[in-house]
Each structure stands twice: as structure tokens, then as C-alpha cells.
Amino acid sequence: MATTAMSRPEARTPFYRAVGDEAEVFRAASCQGLPVLLKGPTGCGKTRFVEAMAHELGRPLITVAGHEDMTSADLVGRFLLKGGETVWVDGPLTRAVRTGGICYLDEIVEARQDTTVVIHPLADHRRELPVDRLGTTVPAAPGFQLVISYNPGYQSVLKNIKESTRQRFVAIELGFPPPEIEREVVAREAAVAPEIANALVTLGNAIRNLEGSPLREASSTRTLILAGSLVAGGLNLRAAVRAAVVQALSDDPDIVRALGELADAVLPSS
Amino acid sequence: MATTAMSRPEARTPFYRAVGDEAEVFRAASCQGLPVLLKGPTGCGKTRFVEAMAHELGRPLITVAGHEDMTSADLVGRFLLKGGETVWVDGPLTRAVRTGGICYLDEIVEARQDTTVVIHPLADHRRELPVDRLGTTVPAAPGFQLVISYNPGYQSVLKNIKESTRQRFVAIELGFPPPEIEREVVAREAAVAPEIANALVTLGNAIRNLEGSPLREASSTRTLILAGSLVAGGLNLRAAVRAAVVQALSDDPDIVRALGELADAVLPSS
Amino acid sequence: MATTAMSRPEARTPFYRAVGDEAEVFRAASCQGLPVLLKGPTGCGKTRFVEAMAHELGRPLITVAGHEDMTSADLVGRFLLKGGETVWVDGPLTRAVRTGGICYLDEIVEARQDTTVVIHPLADHRRELPVDRLGTTVPAAPGFQLVISYNPGYQSVLKNIKESTRQRFVAIELGFPPPEIEREVVAREAAVAPEIANALVTLGNAIRNLEGSPLREASSTRTLILAGSLVAGGLNLRAAVRAAVVQALSDDPDIVRALGELADAVLPSS
Amino acid sequence: MATTAMSRPEARTPFYRAVGDEAEVFRAASCQGLPVLLKGPTGCGKTRFVEAMAHELGRPLITVAGHEDMTSADLVGRFLLKGGETVWVDGPLTRAVRTGGICYLDEIVEARQDTTVVIHPLADHRRELPVDRLGTTVPAAPGFQLVISYNPGYQSVLKNIKESTRQRFVAIELGFPPPEIEREVVAREAAVAPEIANALVTLGNAIRNLEGSPLREASSTRTLILAGSLVAGGLNLRAAVRAAVVQALSDDPDIVRALGELADAVLPSS
Amino acid sequence: MATTAMSRPEARTPFYRAVGDEAEVFRAASCQGLPVLLKGPTGCGKTRFVEAMAHELGRPLITVAGHEDMTSADLVGRFLLKGGETVWVDGPLTRAVRTGGICYLDEIVEARQDTTVVIHPLADHRRELPVDRLGTTVPAAPGFQLVISYNPGYQSVLKNIKESTRQRFVAIELGFPPPEIEREVVAREAAVAPEIANALVTLGNAIRNLEGSPLREASSTRTLILAGSLVAGGLNLRAAVRAAVVQALSDDPDIVRALGELADAVLPSS
Amino acid sequence: MATTAMSRPEARTPFYRAVGDEAEVFRAASCQGLPVLLKGPTGCGKTRFVEAMAHELGRPLITVAGHEDMTSADLVGRFLLKGGETVWVDGPLTRAVRTGGICYLDEIVEARQDTTVVIHPLADHRRELPVDRLGTTVPAAPGFQLVISYNPGYQSVLKNIKESTRQRFVAIELGFPPPEIEREVVAREAAVAPEIANALVTLGNAIRNLEGSPLREASSTRTLILAGSLVAGGLNLRAAVRAAVVQALSDDPDIVRALGELADAVLPSS
């Protein structure tokens, strides 16, 4: 079962602050109809970036989250029972292909391999989607663009993007934003005062810069926003940081204690 | 097949004694509509805590126990045969989403990965559940909240909560309560006299504090209550402890004997 | 497919000779509605013990043998074809829940994990069985009790009873009975003279007391009864012991020879 | 899919020459309704022994060959399509249970574990077969007897007969017959002259007595009969031995050559 | 899905040149109705040998190629949809059994184990095929013969022919033919001049005799014929050898270069 | 689900520049009806080569991309639901067989093994496709030719082309074209000026010639064309190379930095 969300171009501009030339590369790829591969850690803003580009380019966006049980039928569609009859229901990829939207396949590497192969004819000059169950081929409407993402930080011997897939994509690497931008993002998304946002971002960078860190992932912008939201919900800053940042990063008592002491040292004594 | 239980807010207040600031964190998360992750050992009271919070917040509670064969269809729903016709039956998660209840997914890490992905759109600003089999998306009713739990003590290379899931949740760590609270809990739940409860809690803490313990899990509050219940059912204290605590903790003859000697030393000679 | 047997309380009292306080513990658990976990080696009388307790307590008994392909549907029920129509057929667990009987799940650890989870709501204060395929929940009738068993002697890395399951159960450990009781059991079950029973039990204990024994399991009471039955069927004692005890315990020629010599030394020269 | 063969008691007595007390043990077990486990190498005559006993006891014999894909449905039965309708077709075990025949499950250890469990209630005092798909239980007709076999020479970590299964059976070990009996068997079965049979049996025993033999299995009585049949079909003895014995025992060129030289030395120069 | 081909006895005699006494052994086995096991490397002529014997004996030949997904249903048959109705379609083995043909199961070791078991009753004195899905047993028509093959050169821990299967078969080992015969075969099959065939066979034997060869398989007669066919199609000899022999044997640049140099040294400078 | 594309011979000649004698070998194989195996790295032009040969030979081309879930039904066809009825739909291989086209199975090694077996009767003198589900055999129309490809650079213990498959095919090895040809290809395909193409090819060869390269695959012609397309889409050369070449080749920060420095050194300062 695929987890999908389709959105028409929003009236409100999605909030995204570019850090490098990611928007220029995306525009050039879009102009040439080339598929894009986004690389970056959890919670650094990949989804927001795609939302912002879809808005700027005026195209519908369809998001699909990959997982290890996902097959090509989850993308392309299947016959479903509706009122006693079997009717064909387009999958999210097929809907994007027909409507000329942007189809964003998040962490597609997790999916079963037949899904990566189904996107090949969409990712080269053919720009068409074979729908074997219907015995037809759907040409991509103008404006259709494929975007996929993965997190290079996950170590996996079993799940690797195939070279023959990867070399079809223009690659853009995203990371956490620099402090001045991250402060603005946290303050805005969590609806907290600038000094709270400042404290959270200072802590986030202190954790990211820990030498010889035993953490699998660093504290993402997303966890900083979560901590800010708890503050906005009435919790004090230290309890919010403990719940949204410290306890989220590790289960090891020693690491949790060390992160707690770091938070005590960095956060204002309020 | 999912194991689910749905309960309307009870007239009687569920018995739960808070140990730290877990209730404040839960309230702030609930106020902001943020999902919660509970961490803690078997039998420490995670379920009771959620029941108490659901009661305080006046919301229905739906509990689902995860297991390694559980798929997203167990959460979302499926077509079933009823009287010769196929009818759609909402899964427990969908019911919680429609009614604005709290959905508590116990040990969700055990489930197949497609279940963790299906909860992502419910665990961020989208707050919606895609039901692919019906071709629709169900927006979460006001009051819907997602709570998941897992036991960090289980060592598992294969089953880990994904970072991209984990960083969406506010995390609360629960442990065994301090002696004065645990005595009250055991006496009340097992309906035994205070001195019996006192003896059981003293034993429980003696076992938990064993140095270099070879036990996978310590004696939980739940096993102490079980021992108390046997006493309330007419068994003498030592036989009750042997059946509900000692034999439950290990199959190794040496460890069973050592635990028995510890129980002899700690329990009153009655 | 589940292997089940349901029996109404028998007119004749099943033959079981208690060795320790197992009956008292079972009665107290039964009085409090607590589930019971039986631990012990193959053929030591676990099933007989449950039969005797069911008889004493006046409740129907349903026995289910676990195996590695058993799923929760084997316990709960499924839709079957009968005369061209699909009809729901309760599984053995559901039948026990409805009738207030004792459901004995033998070696449930072998079954797939979803079966252990399906019994959780029956093994705590909820006492109810969710039947997802029917979209209903069946409350346990008064008198329903869950009994499970496993053999701690089997070494298995893959199959372990989960702590969160185990700590819900009152545990009773059973072993082989002492000689005077075992003699009575063998004589009665195999319908042989006391001196034959005596010889068999003497041999059984000689094998169990072998130092540094390479056998995976010792000679159980069951194998001694089997040998006695062969004698009752006309075979001489030594041939009966060779067929029912020696050859049943090992395929290794050296061990078979050693066990044969031990039998020659212990058994009367007839 | 199960491979089965059912035979009414034959008019002609099947040819079997007893070597030890295997017939007495079988008769005593049969008299008491006890199940039998046959142990022995490939091609030593296990099937013939069962055929002979079935004939002597005047009971129908049903043979089922186990394999790693065999499930309990292959033994018990299933619904099949016949002329557009689904009808229940008894499996071979169910047929034997209904007719009071001997059911011989050859190498049942290979089958999936649910098959060994399905035979438990038939292998103890219950003597009944639960047929879950029909929702019924079939009591064993008088005369029904279960016989299983396996080859202890196969080393398998994965496939072992469970102790709780094994200790339900009376065990009989069979081996290759002594030379004087094996000569008679080969001469009769292959329809060759005594001196040919003598040469083949001499060779067979020379191979079996090879010290430090690298062969997984020795040359069985079956392969000696096969070689005899080729001679009866017109091939010379040495070519027959090469095709039916030497090439059947190994693919290793060195071993094949050594066995060939052994054959040259042992066989008459004809 | 099984890959099968059925051929009536051809008018034209298939071209096969016997190397040893393989034809005599096959005739004796055929005369006695005994099954045959062919051993030998890829492309040495196993299929041709069976075709030639089937022609000589005047029987239809059905060939089935084994693979790791092949099940007994692929051999025996299944119900298929035809014009909206389900009709039974005999598998290739069943067709051979009914028509009294030779059924050649190529590399049957690759198939799932239930296929090897299904052939047991056809490979001994019973000579019958149980068709469980139809609930019937098909007796083998006179003339039916089972032939299986495998390649001992493939090292496989997982896939081994079971001893209880193997010892039912008369075994014939085939290898590459001696040069004078192989030259004739290549010239005839590829329709090339004798000197081309001579050059190819010389090269083939030079490769087969490489000491310490790192090749998994040597250059088979089949690859020499393929090279000859390219020459007959207009390619020069060296390019043909490079494409059909050198590049077919290895992907390792060093080995490819070494084989190329060997070819340059052995082949006429044309 | 198979990913297929069928194309009638194009009016426009597909652009392909031969590097060695690959076209001659292909023509000879085609003339003789022999199957072809293409070996070479990702993005070196295997598909283009087949397109060009199909055009030159005037035959329709059907392309199928292999993946690890692909089964023989994906190639041969299956019954599908259309308007409530089940109709047979030919798979891509069957369509090619009927129409006498070229069927190009890209990376067929990835597919399940039953797919490689299904092509055997098409890859030798039989030239026919058994369609078991229909119970028929389809003879290959004149002109039918099988072409398969794989990438020897992928190290895989699990997935190897079987020798018995491989030795049926004429093998052609393709590599990256020499600079003067690659420049022409890049300029033409990406529609960039010769100096841009020259810079890209120079960089590509510098990367390919890195000593002790840690890259799994080198920069293919395809990635150079991709970079060129970004330039044609308005991006500057260095950003285009970073997105299409550097970030596509590695996720390792050190390698990405080293490749970036190499690009800075090789590319014109623009």
C-alpha cells in the first residue's frame, strides 16, 4: 500500500529558504524534463524543497513514501473492488504521469526492485509508463517530472540504488541550513520567539558538532521545530528539549545523560 | 490480524500514579496535536499511562498490539465477507482517525515496515490517512492523536524504528515507579494487604538491583501484581512468588534456585 | 491447520498423581482468572495434569498443538467452504472463549508470532478476544482460562516466548515424578504387573542419572509406558525396552549400544 | 502434492526376509495399536517390510512419500475442482484413518512441521484425526496404524524429528541383510542366476566395508538389484555394475575410478 | 512454468555419435523399464543422445527443463482457464506417462523437491503417477521411460539429488567426444568445411587442457558449433571464435586476453 | 510486472557510432538466427546499439527490463481482467516471437530463474516458445531474434547467468567509445557546442583513468550527456557537472570533494 498525497499548487507560497544553488539546478532539470535525485539526512527539508519548487513551477505535486513492501502496483495502480465490481484505480505515479505533475518518490530505495525498474522508461527520453495490467502505455503529459530521494547516511548492504537507475538522474545534495536560516525556519514553523529558536538552533549545532558522536543521525531541523512546538504548547524549554531532542536521539542511558548535560550547558537557565 | 480494543472514556478514573513530568509532556503534545513515543520496559505501566491520559483528556482510546506479521491493512482496514457480500471494514487506526480518538500502537516496531510508513502522514502537519484500497484520504478528526511504544531493552538488529519515523515523535521514557508508589499500585491492583505489597516490592527491587544480572528483563510491576493476586486467591506468599516471579523470570535451574534463595531471604517468614 | 481436541468433563476422573504444589497454584490462578504457563520436558505429564485440573474444576478442555506454520487464524477461526457457501467456523480458542472452557495451547512458542499476540487481551484484565475477520470482539465467558506450555530444554535462538507475553502468566514447572509415583503411573497406564513397572522405572532413572549424557531428552514417563504396553502386547521385556526406549532415544550406534548394555545390567534377566 | 499409493492386501505374499525380531516388535505394536518408527538407510527394504507386515496382518496399506513442500493438507485432504464444483477429497492419511488401514509416511521428517503435528492425536490414546477444513474429527477405524520412517544417516541441522513426536513411536532399526539373505533377495528380485547375485552381494559388502569411506551412502540392496536387472536385460556384468552401482554412488572421478578397480578385483572375470 | 517440447519419432535419424557403451546401457535399461540418470557438462550432447535413443527405440520424446521455481504441478498438470471454464491440462510428465513416451527431465536437481518425489513411484516397480488434484493415479503405458540429467560440475550445497532418488536410477556419464568425433559433429552441425571444424576442435581441446584453469566450465561442443555457425554466416574465424568461445567463457579481462592469445596461437592465420 | 517498449522500425535512423566489429558479429548472428548476449557497463550504449541494428535489419524491437521480481509470466503473458472478463494478454516475448521482431531482455540476470529457462527453446535450434498457461507452443516467426544483456561489473554471488544459458549465446562486449566518437555523441544527444562536449568527454576520461578508483561504476556516456543537457537548459558547466556527474557517482564526502577538484582542474574556467 502506498502512502500518497496530492496537492494542487497552493495559493500560499510554501516556506523554503534556499541554501545553495539547489533551485537553479532543479529549474534547469525541469526545463529539460530531466529526473532529479535528492540526497540528504532525515528532516533537513527535502520535502519542503520539492513543495516549494512545485509551487514556483505551478505544477501539482504527488508524494509517495517508499517502504520495503512497496511494489510497482502501488505506484502504477491496481484493480479494486468498488460496490461489487472490480474497477481500475490509477496509482499515484500514473496520476502524475497523466496530469503532468511532479511525482516525488520519497526513500524509493526501500521499495522492492520492480518499482525502480518501472520508472526507467519515465526517466529517459521515452517518457512513458507501461501499464501491463491494462495492456497499455501512458505517455507522460508535458510538465511531468520525476523526483526521488534517499538518505546516504543509512548504511545498507541490501538496499542500494542501482547504478543503472542512479545515472539517469540529476543529483542534488541537501544538508541542514546554516544557523541564521535555521533560526528563521524554527521560529516560523514552531511559532516561537526568536530567542527560543536561537537557543534550539545553538543546541542543534552543538549536537551536530560533537566529536566522535555515537548517534546514527544528528538532531534535525525537524526535531528542533518539534521542541519549539512543545514550548508553544506550554511546556518549559528544558522539558521540551528532553522530549523532542534528547530522548528522540538515543535510548542509551549514558548518551541520554550526556546529551542532557550538553542541553543544560547550552540552553539559557530560563 | 490486529489485536485491538476500543474504549469510550470511562466513568471511573483509571488508576495511574505519575512518577515524573510525563503527564505535562503528554498534555503539551496533545495540545499541539503532536504524536508521542513511549519508551520503557515490559510491565512498567505504559498502557495504564495512556489510559489515564485518554480519560483526563476525554477521548476514546484504541489500542493495537504490534507483531511481526502485522501489515498496514491490519491498521487501515480491508474488505471482508459478510453474509456473502464483501464489505469494507475500517481498521483500528482508521476508526481512531474518523472519531478523533487516541490510537495507541503498542510495540509497533514489531510490525512490517509498511505500517510505520502508513502513519507518517498522520504524524506530521498533514494529519491525514490515505486509504488506497478505497482510493480516498481520510482527514484526522480534531482530537486524533497517535501514540506508539517500544521497549529499548529488546536487542534487535533487524527491528529498529526508522530515524525518519522516530524524529516525528515527542519521546517520553517510563520506568518502574519508586517503591512508595509501586507499593500503592500493587496493593490496589492485586487487592492485598499493605504488608504483602510491601514484601513484594522489596523483593522486586532486590531483583532489579542484582549486580551482573543474567536476566533479560527484571521483575516488572506486572509480575508483582500477579503474585499478589495469587495470594488474594488463597496461595501462600512464597508459592505465589515462586509461580509469578521466580519461574516467570528464568528457566535456568541455577538462576531459579538463586532467585528462590533471594526470595527466602527477603520475604517475611510468615 | 490446527490440531485440536475438545472434551466435555469426563465422568471418569483422569488419572494424575500430583508431585508438588502444582494443583494448589493452578487452583489459585483459576480462582483469580489468571492464565497459566506450564514448563517441563516431553512426556512428563503436562497434558494429563491439565486434563485432571479441568476435570476437578468441571470445565470443558480444548487442546491445541502449536507448530511453526500455525497462525492466529488457526486459533480464532476462518471462513470455510461448506456446500458451496462460505461460512464462518470458530477456531478452538474462540470456542473455548465462548463456552468458558480451558484452552490449552501446547508448545505455543512454535507458532507464528501473531498467535502469541492474539492471546494478550485474553491474558490480562480485558479477558476478550478480538475477531477481526468478523469485526467483533468476543468477551470470555466465566470460567474461561488460558493454559500454555513449552519445553525449556529445547534450545532455540529463533523461537523464544516474548517477555511481554511471559510476564502475563503464572508459571508452573513440572518434571518427571519420583520413582514411587512413576511406578504406579506406568503400571496403571500400560496395564503391566508391578515388577515390570518397577524394572522400567529403575531403568528410566538410571538413564536420567547418566553423567555427561549426550541425549537431547531423557527417557520420559511416556516411553516407559510405551515399553510396558509392548510387554502387555506379548513382547519380552528386553525387546520392548530396545524398541520403545533405547532406539527412541538415539540413532548413534555407540550410544545405542551403551544404552543397551545399561538396560541389560538394570533389567531382571527375566 | 502428496505421492501416494494404496493397495488392498495382495493375494501374493510380498517377498520379505526378516533379519532380526523386527516382525515380532511390529506385531506387538500392531496388537496394542501403537505407532511405529522405522529407521534405516536408503534401499535397505523398509517399504518391503511394511508391505509384508500389512499383508500378514490383512490390512490395506497407504504409502506417502514426504518432501520439503508437503503440508498437512497433502495428508488430510483439500477441496478440489471437479466439473466446475468444489468437492472435498480425502488425503491419504484420512483415507487410512477411515478404512482402518496402515498409513506409511516415508521420510516424513522432510515434510513441513504442521504434518508431524497433525499426526500427534493419531499417535497417542486419542486415535483421532481433526479435519479443520471440514470442522470435524475423524475417529480412527479399528486396525488403523501409523508407520513412519526416516534415514538417520542424513545429517541435517534443520530437519530433525521432534522429541515430542519421536517419543510417541515404537522404534525399529533396519539395516542391510546379511550376505546369505541378500543373495536370495537379489537373485529373486532381479531374476538373475545365483552366481550373479553372489558376485553382486560380494561387491556390495566390499564397498560397505571400505575403511574411511567418503561415500554419503553405501551401495544399497536396491542398487544391487538394479545391476542385476541390467544383466537380465542383456548387459554384461561389469558394465551393469558401473552403471547401477559405481556411477550411482559418486561423481568424483577419483572415487569412481577406485570403485571401478574394486569392482574389477571382486567380480569374476566372466 | 515448465518448458517442454514433445516430438514424435522423427523420420530423419538424429545425428549422434556414440563414444562409449552409453547406447548399450540405455538399451538394457529401456528393455527392463529402468529409469536413467545422465551425468555430464553443459553442451556435451546429453539432449542429442536422448533424441537419438528415442528415435532408435521408436518412442515419442518429451523434454522438460528444470529450474528453481519448478514445482510438481509444472510436471503433472493443473487446471487452466480456457474460454471462461477451468479445464485440466496434463503436464508434460503426465502426457509421457499416458502415451508411453520417454520423458527427459533436464537438470531436474534445480527444481523444487516435490518434483523429485513425484517421480519416485514412476522410478520403481510401481510405474504409476499419482495425480492428486484429480484424485486419480495414472499407470504408465508400456514404453514409458524416465530420463533425468544433471551436471556434476556445478558445485551446490543447497541443490543435491537425494540419495533415495539417485539410487533408483541407472547412471550414465557423458563427456566431450574425442577429437575425431567432435570434428565430424562440428562440421555437420555448423555446416562448415572440415578445416574450420578441425581448427575449432583443436582450440576447444587446448582450452580444456589448460592447467589450473580458472574457468567454471570448459568450451563445450555447443560453443564450437556456435563459432562455426558464425563463420557459415559470413564472419571471419577469429571474430567468430572471440564472440562464440572467448567472450562466452569469461568476463575477466585477463582471462579473455589469455584465451584470445591462445586462440591466435592455435587458429590458422587464415 | 515487466517494463516493455515496442517500436516499429523508425523512419529516422537511430544514432549509433560503431566502435569495433560489433555490427558485423550481430549481422552474422542475425543471419544465422543465433541469439546474442551483450556485455558492458551502465550507460555505454547497449540499448542504442540494439536500436540501430533493429533499424538496419528492418525489424520491430521489443525491450524488456529485468528485475528481481520478474517471472516468466511477465515475459510470456497472463490472463488479465478486462471489462469483467478474463482475457489472455501476450507478454512482450510472445509478441516478439509472433511478429518476428527482436526481443531485447535488458539485465535479464536479475530476473527469477524461470525466465532464463523459458528462453532456452528460443535460443537453440527449436526456436519455439511453450505457453503452458494456454497449453500451446508458439513457433518463432522468421526474423525473431533474442538479445540479452548484462553488466559484468556488478559483483553478485547470487545472480549469475547459468552456463547452460550463456553457452547458447554469441557474446559481444561493448565499452565506452573512444574520445573522438564520444565527443560527437555527447554534442549531438545533449545539443551542446563542441567545446562543451569536448570538456565533458575530457573529464569523463580523467575520471575513468583514476588509479585505484573507489567508484563502483565510472562516469558513463549517459552522465556526460545529462550534464550537457543541464548546460543546454541554462545551468553553468561546473554546476551541471557537479549535479549530473560528481553527485551521481558517489555519496562519500571525500570522494565527492576529490571529484570536484578533478572537475575544477579539467574543465575550462569558463
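Just so it is clear, A, B, C, D, E and F label the chains in written order, and each chain counts residues from 1 on its own.
The definition used in the following text is that a residue touches a chain if its C-beta (ideal position, glycine included) is under 8 Å from a C-beta of that chain, and two chains touch if they have at least 3 such contacts.
The structure displayed is predicted, hence computed values, not measured ones.
*Asks:* Give the fewest steps needed to get from subunit A to subunit C, where each step moves from one chain to a chain it touches.
*Replies:* Shortest path length, in steps: 2.
*Asks:* Interface check for copies subunit A and subunit B. Shared numbers divided by all numbers used: above half gives same, below half gives different; which is it?
*Replies:* Different; most numbers are used by only one of subunit A and subunit B.
*Asks:* Could you work out how far the Cα centre of subunit B sits from that of subunit E, in whole Å?
*Replies:* Subunit B and subunit E have C-alpha centres separated by 61 Å.
*Asks:* Taking each chain's centre as the mean of its CA atoms, how far is subunit C from subunit D in angstrom?
*Replies:* Centres of subunit C and subunit D (C-alpha means) sit 31 Å apart.
*Asks:* Please set out, as single numbers or ranges, the residues of subunit A touching at least two other chains.
*Replies:* none
*Asks:* What topology does the chain touch graph have (line, ring, star, complete, other)?
*Replies:* ring
*Asks:* Would you pull the subunit E residues touching subunit D in the complex into a rising list?
*Replies:* 21, 24-25, 27-29, 31-32, 34, 37, 39, 71-73, 76, 79, 85-86, 112-114, 116-118, 120-121, 126, 128, 130, 132-135, 137, 152, 163-164, 166-173
*Asks:* Considering the complex alone, what residue numbers of subunit B touch subunit C?
*Replies:* Checking each residue of subunit B against subunit C gives 1-5, 42-43, 65-70, 74, 80-82, 84, 89, 107, 110, 151, 216-217, 220, 222-223, 226, 229-230, 232-235, 239-240, 243-244, 247-248, 251, 256.
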